[in-house]
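Note that subunit A is present in both complexes that follow, paired respectively with subunit B and with subunit C.
Entry: the complex of A and B
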């Protein structure tokens, strides 16, 4: 009992610290609404949403096919690599490599690969496959670690890590969870594939960006519904049996091609060497360059931190409240189905897209990004948490929904809730940095500018800064999880 | 092992694509400085015209950003491009030997407009009003000549400070059409825009001039041009660059010219853009510290 009290006190303190940091950040954040008549634009959007229309069927089919092939090829390659990493996940350098791969956002990978391979299938597929393999390595690795060790010990006592032991006594135990997770990654890959269209690859996002930018909301609505349809239909076609057919089919339909020339790669790599070394600058000039670079890294990093911490706490609040929509403690029957449907729709919309729409409606500030990240991540956590709450026994004393929420629901689920939030923390930082591409002054803004002026050395350094921030969040959240949360 | 097989498949498909490029395809692109639909209409006409004049298949590929256009040019994905002043300078730096071959007649004396939302109360004048300070401001694309480079140069000249220090908020709309839309909606108080895109939008009735109007016009400078890669004759046979230049200068079809809108195309060379390059260096957009 004493231990329990101590633990709940420390959880409360932990929450308080995060909330205080977010409040502190709020004081510095730019949250202005600068459009004068957001209502009008919203009305146009709503009208467009209800009247979906495909202006060019051929173009639409082509984009849909590209979206599918990018995501399927990316996930298949990522699952293979991730699986191999997971086998060796006990080695520190594998864990580091996986953490590094996933700390750089798909969009940044794509910007790099477009430089090397041109606008091509290979660039798109690699941009998805690399970060995803890092994420899948982590989850597969943890799933393999969490299995019951007894069968493995029983087969070959004393020996550890033999190949047959792995395939007969370890893998089968984790396989179900791994399959389940791979299906979820496929959903993420479709989202990522759409987002890559926004920066020029030929997926649905390419036309979605055009449609949103020019206010053709009916076309945008059709594309959006296509995205949702793809994600919802996953459960019908993303199955082991069909994949034996589908995977070769997509590799034949859209083979991995690239505008590939050795000298493009050589030149790109040469350009990635920091300018002072590449061009042999004098120390004075180098110092000026370093000052200029440092300013961008500092300002970008600071804004990324501000935005991410605010978004993290709001994500938590939204997730706690939103999870009740998918919880048997509060909703039943069709009401719950609707509530869960709402969370699933919010979860299906990429934060890049939500931010893009937010910028049109609210104008340029950090507000659209905060809303976008909160809705997307909050819906993901909310959905999971709600589902998890079904395992919790109903409250013993009958009481109203509000007191049930405050005195039964939240306290019993709080550890699980914090664990989910910490898991999302690194992802939120990664996303925040990336959203700068849309104009908020986080790291992505400066990275995009560096690409704009072909300063690949600067782009690489700033991408490494964002990777370092993401990995720092990963490490801290792992420590916090170990220290404060004892989950089975 | 399966991973190795996948790698093998990947390499084979790479070789296959390399074999495909044996017979060169002539492709061009353009910086996406405005509405995509408008660009596709305009450059599809140019592609058809060039296909006929050069008696070969000419393809236009649309891109999403200025650097994407430069990268495609640099990587020989396109051999010809319609660049802005600054992006042309960047592209020619990235591909040594490449040449500016033609510009629009109007591009010899191009200009930018500063436009303002009516609620700011700013009035048209013959210099940049000091009342601009503290307003919100949007450029076009980060790498645009008429939407970024020249406006920034004149802002620095008038205020002696970087735009970020003059205005309360500085944004990059992405393209000129979007700049007009954002200032018209009031999302930004003031913006800088390509005069030709503005004039055409006003003529088409796409602008609500009671909400947004021109408050200042910059002095003139050289802007857009067609740039070809230096190795184009090696790729498509001796004399190809001359034939291409002739074809571009010989565009008389009013439908094509009005699409730009330009009255005709005139010869240009790399030195035409020396002043643009100098300006870009001065405000630190091209590597110089």
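Entry: the complex of A and C
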């Protein structure tokens, strides 16, 4: 025990520290189940799930169209911006801008843009496009950095950054990976687009919220299946050849309109100036305000941290166990296909939705959020890790599945597993902060109530606090990856 | 006529792998003069600094040198045509290059087809580089070097993936299209046939530098000892 803790690069020690922090957090977390009969509610939901029903076809089509438009327009704009950022990704300010854009959740962006542009296409599309362009800038940038430099050097010596050279000797090398990632982002965008419905934009989420709230589980089931169908069908229609038609079509079907007036924007911006400055408060009143604000930031930040750390460790556990469902080391043929299907379905359900359902079943506490984050993120990592395990040679010593898991599978994949977890860490913090909107006292709870009382200055400051927490996780995880993991 | 390039007391180094340690010596040159019209073969065991010397020459004469690297270093996803055209990127404005990437111009098609004919790759111009064999890739790399239209050729084992007869033929073609050439080769006989000057490298130094006619079997054998 003592020996391995002294090794500076011990992955066991690193894991142990994260687990200890999560255990410590668990002592402070509120995990009560407050509904009387969670089983009964689940039974009703299951029955609804098996009897899907569309009460109003016109409404349903309209919502589906909005969901597609928001996500497609958002992803196209984000891909464009992200691509331009990626070309200049070697500059520090571009990296910072990208990190900032993606550190604020789509839902927070949407709350801001709804204030400026009203409930409109522009607000929804921008809410997706901004954070997505930050994420895509990072991934495209890394993909362009990882290419083989030899062809570029063969054409021109030294550091030559001409546009022609970029298109002939750099971009073609990264293009395949970039397209693949863009398709994955489209899946994320459909999820985000649905979630934006829960805060009032006219996507599937809008009707899903009503249906769940009123207990019409058959209608909810139809909407949920629509979401899954959209994500599953992506592989058939999200293709370069069809996009030449589809992208102009969605911009024509739902043009980027907004209800917006110059006065509106001016008033909103003026309201974002902190109250003590805007209204010239006396020092005493300012201090009281600062104390009140500090309390919210501290309590929101603390709860966000608690929940995120617990969820991170549980995500890891679920991912390790779940990845065996999609691994050639444990599952074969149709069993594996079903296992992977389960992971893909869990991955397709946004945390917000899972949390919303969890709240109905279990009542208000941190438990539904933890379960939601664990299932969604664990399924994402599990799917990737399982797929990666195909590259690992099968165990040499024959043994049962459990010993194979412990002696061969986990040790060979552990570095990769930690890398995926660290990548997800920043996303988990971002999600945790946002889930506060549903009533758990993380930062989102205070941000949402600040918007409700039109205290935009407070909302902006708290959004910045959540952005800072996300960026801090990003920086720490990059350090840890560099120190502990020897992956390319 | 002034020489094309003069190197005196030149120490070429690799950057060291760790910070703080001195750079490692790759090649030390007391004196090396290259005249226009020279066809120089660089001979020597691997690791004696042939590639280092070529890189240094390229660094010093970037505008005059066409470059044919050891591994073909093609862009695998692009067609042979575009890989060859990439040799001429700096001759044309950016929008011409981009347009040619999406929609190849007839003018460049004719030029490159004519160039590819004697290299035996005219039928492969519209094949992606990653679908070509090693020898075909090397021919494309040679075509790319030729299409740079520069007076000086710097080539690092340009025909290593071809058989002896074809190699000899392509090497002559490559040298005939350039005024001056410095070529690293592993086949000494081939070098003596196509070059007029031979530089032997050994132990990170120049062991000999003489006209091709004056090199004896004995000198060559000592080089590879």
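Operating definition for what follows: the second predicted complex is superposed on the first by the 478 of 488 C-alpha atoms of A that agree within 3 Å, B and C clash if a C-alpha of one lies under 4 Å from a C-alpha of the other, contacts with A are read in each partner's own complex, and residues count from 1 in each chain.
The rule is short, and it goes like this: a residue touches a chain if its C-beta (ideal position, glycine included) is under 8 Å from a C-beta of that chain, and two chains touch if they have at least 3 such contacts.
Being a predicted model, the structure only gives us computed values, none of them experimental.
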Partner chain in contact with A:24 - subunit B first, subunit C second, else both or neither: neither
Partner chain(s) touched by A:184 [first = subunit B, second = subunit C, both, neither]: neither
Partner chain(s) touched by A:244 [first = subunit B, second = subunit C, both, neither]: neither
First (subunit B), second (subunit C), both or neither touched by A:163: second
Subunit A residues touched - subunit C or subunit B, whichever exceeds: B
Which of subunit B and subunit C A:176 touches, first, second, both or neither: second
Touched partner set for A:37, first subunit B, second subunit C, both or neither: first
On subunit A, positions contacted by subunit B and by subunit C: none
Interfacial residue positions of subunit A with respect to subunit B in the complex: 30, 32, 34-37, 41, 77, 80-81, 84, 114-115, 118-119, 122, 198-200, 206, 209-210, 213-215, 251, 255-261, 264, 267, 275, 281, 285, 288-289, 292, 363-364, 439, 448-449, 451-455
In the complex, subunit C residues that touch subunit A: 55, 58-59, 62, 67, 69, 71, 73-78, 82, 85-87, 89-90, 92, 94, 97-98, 101, 141, 144
Subunit A - residues contacting subunit C, complex: 150-151, 153-158, 162-165, 167-169, 172-173, 175-176
Touching residues (chain side subunit B, partner subunit A) in the complex: 2-3, 6, 9-10, 13-14, 16-18, 20-21, 35-37, 61, 63-68, 70-72, 74-77, 90, 94, 119, 136, 141-143, 169, 171-172, 174, 177-178, 181, 185-188, 284-287, 289
